[in-house]
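Next up: the structures, one after another.
In the two complexes below, chain A is the common chain; its partner is chain B in one and chain C in the other.
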Partner chain A sequence: MTVNPALVDDPTVEVTGVSKWFGQKVAVSDVTCSFGPGLTGLLGPNGAGKTTLLRMLTGLTLPSQGEVLVKGVLPRAKVERYRDIGFVPEESALYNTLTARDYVAYAATLTGLSDPGAAADRALETVELTDDAGREVGGFSKGMRQRTKVAAALVHDPEILVLDEPLNGTDPVQRAHLIKLFADLSAHGRTVIVSSHVLQEVERMTDRVIAIVDGKLAAAGDISAIRRAMSDIPYRVMVECDKPRDLAAALLLHNDAVSSVNITRDLIHLETTDLAALGTAVARQARALDVRLSKFAPVDESLESVFRYLVGGR
Partner chain B sequence: MRAFIAIIRVTFSQTLRLRRAIGLLMLSGSAAGMYLLFMIASRRSAESAAWQREIAFETFIGMNIGVLMNIAVPVVTLIIATSVMGDERRDNTMSFLVLRPISRFTIGAAKVVAAFVEAFILTGIGTAAFGILVGIKIETFSYVVPLIVGTALATAAYAAIFVPLGYLLKRATLVGLTYVFIWENGIAAAVPALASLSPWRIGVSATAGLAPTDFFELVPADFALGSLSPGAGGALVKVLVLMALSAAFMSYILRRRDLAT
Partner chain C sequence: MSDRTGVVYDLGYKPYEGERLGRAGAIKAMIKDGLRRSFGIRRKARKKVYPWSMVSIALLPAIVFVGLAFAIGTLSPDAESPWGGHPQYIGLVGTIIILFVASAAPNLLIPDREDGVLAVYSSRPMTAWDYILGRVGALAGVASAFFLIGNIIMYIGFAALDDDGLASALIGNLDDFVKILLTMVAYVVGYGAPALLISTYAKRVGPAAGIYLAVIFLSAPFAEMFRALDFAGSRYGTLISLLQHPEVVRNWVFGESQSNTPLIAVGFEPWVSAVIIGIIGVATMYLMSRRYRREL
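On to the complex of A and B.
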């Protein structure tokens, strides 16, 4: 039984002490984790090293140090292994002059399928692009382009699916459909690795998360455990009102939840570990002092700040 | 084999754009255009028929080497061959191609062959037009096929050189032009011993090997061929070896290096 939450018991993809640097820049630093059947979310802010790690998983990029094994072999060492891998890159990666059907059929041909046209039709149906199969992908919206790439990655029914920000540019309906598709694939024993910088997006897909920040493994395992680890992160809140000094003084005097206050013109910048208590206190003090509130908003709810906090706390 | 053909087919659709093709076709036809101007200008010449034929022949040789083989063929092939890999990199489609269970050599070989076929469609049309005009002027079409064979081999040799260049360098066209004008038209043209390293000379040696014997009556062999001997067979072997080396080199860098982005 594996104890390290970054590792799984029956891995199909194993990452051991992997680092990657480009000149002086370290993109990934000593990451050890593994992926098995089911869906794993690879979380992290933009520039965290997710794409570099995914490219190393597929063999597009070679690690500077460490080792990546896909079903026990280095992905580049045996090209036959690519029969087991489907990859959706973050960037466009489309032949704009081809129709969606030709593009997916091309993927099927290169994978050695006996009937590329039929396989392409099935894959396009899976991502609900049948009606647009005859159109050139160069004229597609971003969401349609994403779905075309997903179809090309799925056309040979791979055991391992690596998806780099696959929901970017998709509308809510398409997003829901793709999330269900990925969940179905993982339920059927596929190893599905999905990167995203949006926590809520990953939460809808899976419980298992690997979080990367600044190229390092920041957290791994059950998403609720990561949520708990985030609970003592101070929130930053901006309050706009007509009497900022009076309100700030009252909040500092009468509220333990406020850990710091900074005033600039009509704005108060507050830090708190208890957002709900702060909201109540601001409303109460504003009423008591007859302060007119025009805005109360969290300043920094980004995943980046959350993960930086996690890394900083180590 | 299906994968090999599919890569060639998609490479065509990706790189052979109409405006580019028209521009390159005009460049490819520059020797034919210039020869046509010469034909028009010499129409009312008072010189003897024998003298006119000699001038027509000299102009033919000069344009074949100076315009077609030294400029049109290498530049057209350069632009096509560097984009065969360069466009994959620009469009971020390399990952699509390499994450497939096909050998890296197949990818390299398909790209080199695609670059050759695509470039030869353009250089071949220009060469055929040139050969036909020459045939009309000198009243024999026996040079048309040798010219086309020479162009085909030179195009293939240039494609073998420029495909890896397009993958390795972002400014491949600029570097390729420097190669064409400094090496091909400068150093290799001036030093006969370097002829076997020069694709245009390999092409001309094939033309000379297939052409009627009067090909070198007016042109010194060392000027046209350097240290090479006339012969299409030897030229063909050299070009096939060069193409195989190019595909092997592409295969090596696709296996050993991070994917170019």
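On to the complex of A and C.
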């Protein structure tokens, strides 16, 4: 039985002690994890090393150290293995002068499909681009371009699907559709690895995440457990009002959730481990003291900040 | 109460169940894509203007040569056409090939690298060599088409005017066709390889085309300069003339005069140009493989 939450019992992709450096810059540092059938979210702030790790999973970038095996072999050592891999890169990776249908059919031909036109139609239907299949990709919105890339990655029916920020630029309806599609694929036994820097997106797709921060494995496993770990770290909140000293004093007197207070002009900077309780307390004290509130905002709730805390807290 | 029924169809993922082909299919697809891209096929009208203008300009001399040969043959059956045959046509079409290749090679290679499209190729069951063969094949196909179509029009046109009749002239002049093919290799490699090499390292299409045209066209005056200079080893400087190596091979193959070419004037044999074209071709493939093995 697996005890390390970064590893799965029936892996299709195995990452063992992988590091990658570009000159002096270490992009990925000693990461060990594995991926199996089902959907895994690869989380991390921008620049964390997600893209480098995904490129190593697909063999597009070779590790400086360590090993990545796809179904037991190094992907570049046996190029036929790419019949099992579908990859959506983060960069544009499209020919703007081709129609969506021609582009996806071309991708199908490169993978060796005998009937690329039919396969392209099927893949475009899957991402709901049939009506725009005859249009040039150069005229597409960012969301449509993303869906074209997903169609090209799906066209040869790969067992392993690696998607780098596939939901970037998609509208909420398209996003919901793609998330359902990824869930369907994983439910059919495909290994689906999706990277995102938006925590909520990943949360909607899967329970299993691998979190990368500064190139290192920061967290792995069940998403709710990682979220709980994150909420142990104090939030920093800024409150703007007309009587900052009165409000700050009242909050310190009556609220245990406040761990520190700093006042500059009409701003109060607070630290708390219970954001919801602090919100209630601020509202209650403001009403009691007749304080006029103009702003209440967490200043460090971005994923990047939270992950930085997570790593710093270790 | 009405007896209505309903059904919800599964619009989810539908897997591919057809046949799967090998890597040769991918290379063929790349060559086809390259030809389409170079000639603007299945692209907007403005993408077709430049390539098809070049095609028209390349074919026009061939049609004129055959037409004049027909006119002269009708008016004065014993007279030779003063406009010449294949070597003279090749001299004209060579410039068109340079101009076309200057645009086609950067457009085949640079957008793939700069727009991140290489990831599309490197995540497919194909090697760096497959990619290179696909792109080189496309450019060779484009340049060969430019070279061959006009020459074939002339070959058939001249055969049709021959006193022995079309069929026997086509067979009787086969040695001319072999010469055309040999010269074609020299032109396609001699002018195509430098364009590919520059496009392998350049980051933008426009500058790559400009650098290529400058290198090709300025190489001839530099060769002339080395011919005029008089110091030990200056004769080797005439070998830099990338413009003239295919022309030397053409004159050699067709038995034409070489006297005006700097590298011949300083004493080099014509086969030296053929060897240099071969070296340029091999070096280009080697350097492309080095570059793309890192990228793919």
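Note that the second predicted complex is superposed on the first by the 314 of 314 C-alpha atoms of A that agree within 3 Å, B and C clash if a C-alpha of one lies under 4 Å from a C-alpha of the other, contacts with A are read in each partner's own complex, and residues count from 1 in each chain.
As a working rule, a residue touches a chain if its C-beta (ideal position, glycine included) is under 8 Å from a C-beta of that chain, and two chains touch if they have at least 3 such contacts.
Predicted, not measured: the structure shown is a model, and the values here were computed from it.
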Putting chain B and chain C onto chain A via the overlay, clash or fit? clash
Kindly classify A:Asp157 by the partners it touches after superposition: chain B alone (first), chain C alone (second), both, or neither? second
Based on the superposed arrangement, let me know which partner A:Leu267 touches: chain B (first), chain C (second), both, or neither? neither
With both complexes overlaid on chain A, does A:Leu275 touch chain B (first), chain C (second), both or neither? neither
With both complexes superposed on chain A, which partner does A:Val198 reach: first (chain B), second (chain C), both or neither? neither
Per-residue touch tally on chain A - higher for chain B or for chain C: C
Tell me which partner A:Leu74 touches in the superposition: chain B (first), chain C (second), both or neither. neither
Report for A:Glu91: first if it touches chain B alone, second if chain C alone, otherwise both or neither. both
Among 149-157, 167-175 or 275-283 on chain C, the segment whose C-alpha atoms clash with chain B after superposition: 275-283
Please write out, lowest number first, the residues of chain A touched by both chain B and chain C across the two complexes. 58-60, 79-83, 85, 87, 89, 91-95, 97-98, 106-107, 109-112, 152
Which part of chain C faces chain A closely enough to touch in the complex? 11-23, 25-26, 29-30, 33, 37, 42-44, 47, 111, 115-117, 119-127
Please name which positions on chain A make contact with chain B in the complex. 55, 58-62, 76, 79-83, 85, 87, 89, 91-98, 106-107, 109-112, 152
Chain C partner contacts - residues on chain A that touch it in the complex: 58-60, 79-83, 85-87, 89, 91-95, 97-99, 102, 106-115, 118-119, 122, 125-126, 136, 152-157, 180-181, 184-185, 188
Chain A partner, complex, touching residues on chain B are 2-3, 6-7, 10, 13-14, 91-93, 95-104, 255, 257-259
